[in-house]
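Per-chain numbering from 1; labels A, B, C, D, E and F assigned in written order.
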Amino acid sequence: MPANYELLDSRFMGLDAPYEEADFVVFGAPFDSTCSFRPGTRFAPAAMRRDFIGLETYSPYLDRDLADYKISDLGDLDLAIGAPNTCIKQISAFVTKLLADNKRPVMIGGEHLLTLATVKTLYEKYPQLHLIQMDAHTDLRDDYLGLKLSHAAVIRRCHEFLGDGRIYQFAIRSGEKSEFEWAKQHTDLHKFSLDGLKESIEVLKSKQVPVYFTLDLDVLDPSVFPGTGTPEPGGLSFDELRRAIASMEGLNLVGMDLMELSPHYDASGVSTAVACKLLREMLLTFA
Amino acid sequence: MPANYELLDSRFMGLDAPYEEADFVVFGAPFDSTCSFRPGTRFAPAAMRRDFIGLETYSPYLDRDLADYKISDLGDLDLAIGAPNTCIKQISAFVTKLLADNKRPVMIGGEHLLTLATVKTLYEKYPQLHLIQMDAHTDLRDDYLGLKLSHAAVIRRCHEFLGDGRIYQFAIRSGEKSEFEWAKQHTDLHKFSLDGLKESIEVLKSKQVPVYFTLDLDVLDPSVFPGTGTPEPGGLSFDELRRAIASMEGLNLVGMDLMELSPHYDASGVSTAVACKLLREMLLTFA
Amino acid sequence: MPANYELLDSRFMGLDAPYEEADFVVFGAPFDSTCSFRPGTRFAPAAMRRDFIGLETYSPYLDRDLADYKISDLGDLDLAIGAPNTCIKQISAFVTKLLADNKRPVMIGGEHLLTLATVKTLYEKYPQLHLIQMDAHTDLRDDYLGLKLSHAAVIRRCHEFLGDGRIYQFAIRSGEKSEFEWAKQHTDLHKFSLDGLKESIEVLKSKQVPVYFTLDLDVLDPSVFPGTGTPEPGGLSFDELRRAIASMEGLNLVGMDLMELSPHYDASGVSTAVACKLLREMLLTFA
Amino acid sequence: MPANYELLDSRFMGLDAPYEEADFVVFGAPFDSTCSFRPGTRFAPAAMRRDFIGLETYSPYLDRDLADYKISDLGDLDLAIGAPNTCIKQISAFVTKLLADNKRPVMIGGEHLLTLATVKTLYEKYPQLHLIQMDAHTDLRDDYLGLKLSHAAVIRRCHEFLGDGRIYQFAIRSGEKSEFEWAKQHTDLHKFSLDGLKESIEVLKSKQVPVYFTLDLDVLDPSVFPGTGTPEPGGLSFDELRRAIASMEGLNLVGMDLMELSPHYDASGVSTAVACKLLREMLLTFA
Amino acid sequence: MPANYELLDSRFMGLDAPYEEADFVVFGAPFDSTCSFRPGTRFAPAAMRRDFIGLETYSPYLDRDLADYKISDLGDLDLAIGAPNTCIKQISAFVTKLLADNKRPVMIGGEHLLTLATVKTLYEKYPQLHLIQMDAHTDLRDDYLGLKLSHAAVIRRCHEFLGDGRIYQFAIRSGEKSEFEWAKQHTDLHKFSLDGLKESIEVLKSKQVPVYFTLDLDVLDPSVFPGTGTPEPGGLSFDELRRAIASMEGLNLVGMDLMELSPHYDASGVSTAVACKLLREMLLTFA
Amino acid sequence: MPANYELLDSRFMGLDAPYEEADFVVFGAPFDSTCSFRPGTRFAPAAMRRDFIGLETYSPYLDRDLADYKISDLGDLDLAIGAPNTCIKQISAFVTKLLADNKRPVMIGGEHLLTLATVKTLYEKYPQLHLIQMDAHTDLRDDYLGLKLSHAAVIRRCHEFLGDGRIYQFAIRSGEKSEFEWAKQHTDLHKFSLDGLKESIEVLKSKQVPVYFTLDLDVLDPSVFPGTGTPEPGGLSFDELRRAIASMEGLNLVGMDLMELSPHYDASGVSTAVACKLLREMLLTFA
């Protein structure tokens, strides 16, 4: 290549640390085949890579700059669209390798089902793994239209190995009645808001247990985040979510994800901008 | 038809009670011919039927499920587009029949003018009828561009038979100066917010009078409800409106409507999702 | 229901013959889970039902009117999104029943993979079944991203039971080199245009064999049909396709389909209008 | 106003001749209230004014330049949205005045119904008026959904005073069977194409009769003109229409219009560009 | 022109006072050539002119009506797209003339760089000029991609002649770290919110100094204002901004602007409606 | 990076030859600052990189496969948005280096002005350079709104060093009268169609001169290519253009470009698909 010419970088926000030196490793997971209503989250990683240049690497909220941390963006995985089982195996194998290299994985979805792959893989390394979920939906169905591997059943699947007392759910505002009933027995579900987050964080800190944070972006109110398959009014504001993320500083975070951006429903680009900014805040909080 | 095969249902959210058994009867009224700025509300009922499958029938807010109530969705009326007079007669005749069968009508607009048809017909059965309106606009013009039958004049038309003291208006934030002046004499108009709703409800409950609730969805802030012809910033949040609806439980409600969704201005589908969810909450509150 | 009121019909173009009396039976198949690039054909049947009212039932091309034929639209199947195997079984079972009742099935896709279900089922009744495919793509891959059940492999799958000499492909303009090579041995593939259609029709007529017609709408030039997942410039004009359909009159047609409309890429609605009009012409040609 | 500063002109393409000196007078007629399917033509004049700056005033086809002719654009009329009768009276009164001043009116729609106003007014001045219509639709219904004043009935209404033998219809490809039957007795209807236009023009030239040209833009194929309420595939190409317009040079043209652009279905702006260019060619042909 | 006919007016909201009598003079400045991310603000003035008819001239917030004030809208300047230097000179010359005639300029952008032209010209007349900026971005870069004349450097450019202590910045939430550092020395920057506005207004009132108010509309939260090139979540609500504007009544305001609406990112039209309403409130506050 | 995992490649269509081995070198040039009407071509290279995966590397038209040729895609240049002079220097320096390495440059625009940079640089190496332009516009203005460096003047700028008899223009259908007059003296301009292309190719072949091919995609009819800033109806069909490109095989081609895709006006993605396919055909024709 001709030397000395500047080419645009397709990696997020200057997350260009060499893999070997990186602590966090970011990757895209473009897959949405079990989406039951409006598909399209497969396009999220590409949209975020396209628009992040509108975003500063500096956070005035945290007074930190991504340029000061070792984070490596590896690009997007080439997943088996149409084959959920295969896809989950692909992600699991990839994350297994990251863990062997002592990296902390940061996945950009794609549909929420994929969280099963990262959580399962992390659980195998960290049997004490706990899960913090922020989401509009319970995702606790036993199956969805007969599918066990469905975005609507992902947390139920995680419960099958994590067990009771490990899952904290916040700002949930949609689901079947039976899911809410089930949650009373098996998870720590907080309806509608982030009430209880502070206490949960303190418990998790005192226990020193490893934590995975999964963010289904539809937890945000669709006024500021319309770009998702199943918008649910009555959600969090951007500032509420941003502050909640900042409040998790100090947790023993071993991995996280940011799921369910669907760019086709984001004509203005605002949802993509929100997702990019939240990714920045998440990385700067835990880096 | 071949037996035992499941077909998708075009009725709202499983509102599949037989007409004979139903208390509430839902119908669509696709008409927008007097719209002065940006037409398109004629497409609202179809859009809501298309998207409701993204919505649960269970409300975690009210802890009730539509599946537990007898509600019948009859589909959409075939209205005379371009002829407001004829259209109002069609709706009036239809509602007259519903009332004769002791049903409570729930109309899905369409433009706000159509409320004249339901309110007039209900007034003939219930001379003590009172009206609660949530709306961005006064709708109190004497005429609009010379038209007496206009969405912008619909509440003024209702006043002609309801008279003073019967109309409660909330969250109004747009209109001509003369409309606000007129309201001081003839209606109970609350500007900008829902302040005063609680007191009004108590009065109406104590009076035991029959009440019609008309919801012009543009009362919502356009951040969460962009899909309407004349968006007016400064409106209610989804949660404010949802709570207001819940607070009306116990009123002697004899009919209601949900008007002015305009799907062409709802690229993300969020407005349609909001409308569906509010319809669920309205039905579960009063059912 | 209140008697004597006209409600809008959600069935296509007045295709309201009772099932018992119908010759053709139309049904929607909303499924797109193996789509590898841009999903969304699951929304096609609903979009066509919404827009058909802009279309006359009379064809000035054929001087025939749908009102004069016995055709029944049953609505859309409730398919297992995310599970191609299950979905194919659902359609096969449904079509089996239609065939037992001596109906001719007309499927509205959904993705092209579903054609496997109808063709397989018809083949079981008609072992002499021949297939006419109009399509931009060969659809002859042995697998696609490891999937055997893929829209890109559907005709290859059909060949596995139909065998050589039964498949006629027209206007194909995209595929891997190996697919075109394979076709030379096994199918009658006509590149770029409808050249050879007339001769093929004569052969099929003279043989009196049963014929299935599968229309992948992306055979049209994207200028007039942008609303599809994988647009391929250089396709047929509307008039070319319309005339080709008319020229098939007299074939022993036992079933047909119309696939791959993707409404999300059809901002203007033109593609949906094209699909509706072609369905009308197909029905009037063979009815 | 501060002298010597250039402000952008909202008039079409430099059509800035003083009214007194102008031969052609252009005006917009933003009205669409009888539209039965997808409204929005009311926005056409504004869209054309916004986008014409992308267009040259010089036609390389005709080797003429708008800058060399006296044409005056007066802007858009303020019409009574929702009241077809009133609106037709407004336009009639306006055109009456133009005719008294010896101007030739050029109307930019708005829906096709408005042509009734211009044709009727011109007929009163020119009892020998003949009409050339290019359109996808017959527009010959006796009424539409009970409305006599409907875009779908406008040519039938014109026939009521023009009578047999005065109306030439070209490229018609949609309508009810009864309309086509009726046309055989009363108009000179040419299906699908412009065949017969040349002969018709020669007849009209030899008769020296005054001619009105009404162009419903949906006569174009929706590939190049998606932006209309009821797109009908199988229409004219831009070049066919452009040449047809040029071929009318020499007719005794007393007025013309260009109707049914609907900008909401024109996401790319191509339809608006087509409409602007055709207006230029129409003016340069007859000026 | 034919007398006595009503034509639609392309001027804002009846701002039709003769230039000579006007106090405020409104003009559009359609220019966006230095936009680094997503261009399109050049279309803002035209979009606002198109949509203002959906807005009442009466403000129920302020209980004032635009019809009661002398304000003149002159239309849009014809600016040199692609040449920032020339464009700034054009605006400066225009504003110089307005000031000579004792008008107060109100500019509708266009990109924020243009504020340099108005502020510089006003500064030459009012050496004591102070600046209130509401904006998501600091706009304090020394240069942007090597450009000194950039929207991202406009306030830094203004500081070059205004000097320290003259610039008040509110609700800033994005910028490089070095910009925030620089601001600590040179401007009065308030992060994230309007905290401190009240005190600043009191200081400015007590000093009696002339004030320019520049409103970059991206200060609003993108939930209610998606239509801008670089959306930044976490901004003001409409009501917060509206109240802030009202609170500035009494300042010695000598000019103002409203910048960075980008209609291409405003599919629903809500952002344009917001901009129109804020312009109304700004004019009614200071008129 | 973890070994053995497949990541998605952001390079075009497998154009992954090492720079050292490549003959053609492809690069994106995202710049549109002189665009006078509707900007957005800066987004074209990214859009093409996103969508090319919907395209086969094999051309059934040419029976060749990109996988069989040594072509290297370097990504997109980081250009000085807002500063045309600087940008042209950046591209010139980059291309100079490519030429020194004996590569043939293939530029993906961006606006047409950028062609000045590649043509000028190639001219310095090849003084006998000839230019084939396919375009809707003459691009022969002496200046545009005062700008010498404008997309509308780019071929005029090229003429300043190439001189008479070197420039062949095809399918031109828009421009000012004076441009067409000027062309008669200085270029070989073919209006409306590709008539004369065959003869021109033969002349150029017989002369053995080096040739640059610049393709302004707006030469296509906007029916199949709506995604451009200034759509001009009456253009080429995809097949006409594809065949024209194939007919140029055998020319001594030293560089080429493909300009003016504007993804914001390409809601369906068809224009981007067309651009990708033409790039494939261009590379396979000359490789």
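Assorted remarks:
The criterion applied here is as follows: a residue touches a chain if its C-beta (ideal position, glycine included) is under 8 Å from a C-beta of that chain, and two chains touch if they have at least 3 such contacts.
This structure is a prediction, so every number in the text was calculated from the model and none was measured.
Using the contact threshold fixed earlier, the set of chains in contact with both chain C and chain E is A, B, D, F. Mostly differing positions are employed by chain D and chain F in their mutual contact, as under half of the interface residue numbers are shared between these two copies. With every chain reduced to the mean of its CA atoms, the largest distance from chain E is reached by C. Note: centroid distance chain D to chain E, computed from Cα atoms, is 41 Å.
Centroid to centroid, with C-alpha atoms defining each point, chain B and chain F lie 55 Å apart.
Those residues of chain D in touch with two or more other chains are numbered 221, 223-224, 267.
With chains as nodes and touching pairs as edges, the resulting graph is of another kind, matching none of line, ring, star or complete. Taken together, the chain B residues at the contact with chain E in this complex read 37-38, 172-177, 180, 191-192, 221-224, 226-227, 229-234, 265-267. Interface of chain E with chain D (complex): residues 1-3, 5-8, 10, 19, 28, 30, 46, 50, 74-78, 93-94, 97-98, 101.
Interface of chain F with chain E (complex): residues 32-36, 39-40, 42, 80-84, 86, 145-147, 150, 264.
The touching residues of chain F, counted against chain C in their complex, run 53-56, 58, 60-61, 63, 65, 221, 223-224, 238-239, 242, 267-270, 273-274, 277.
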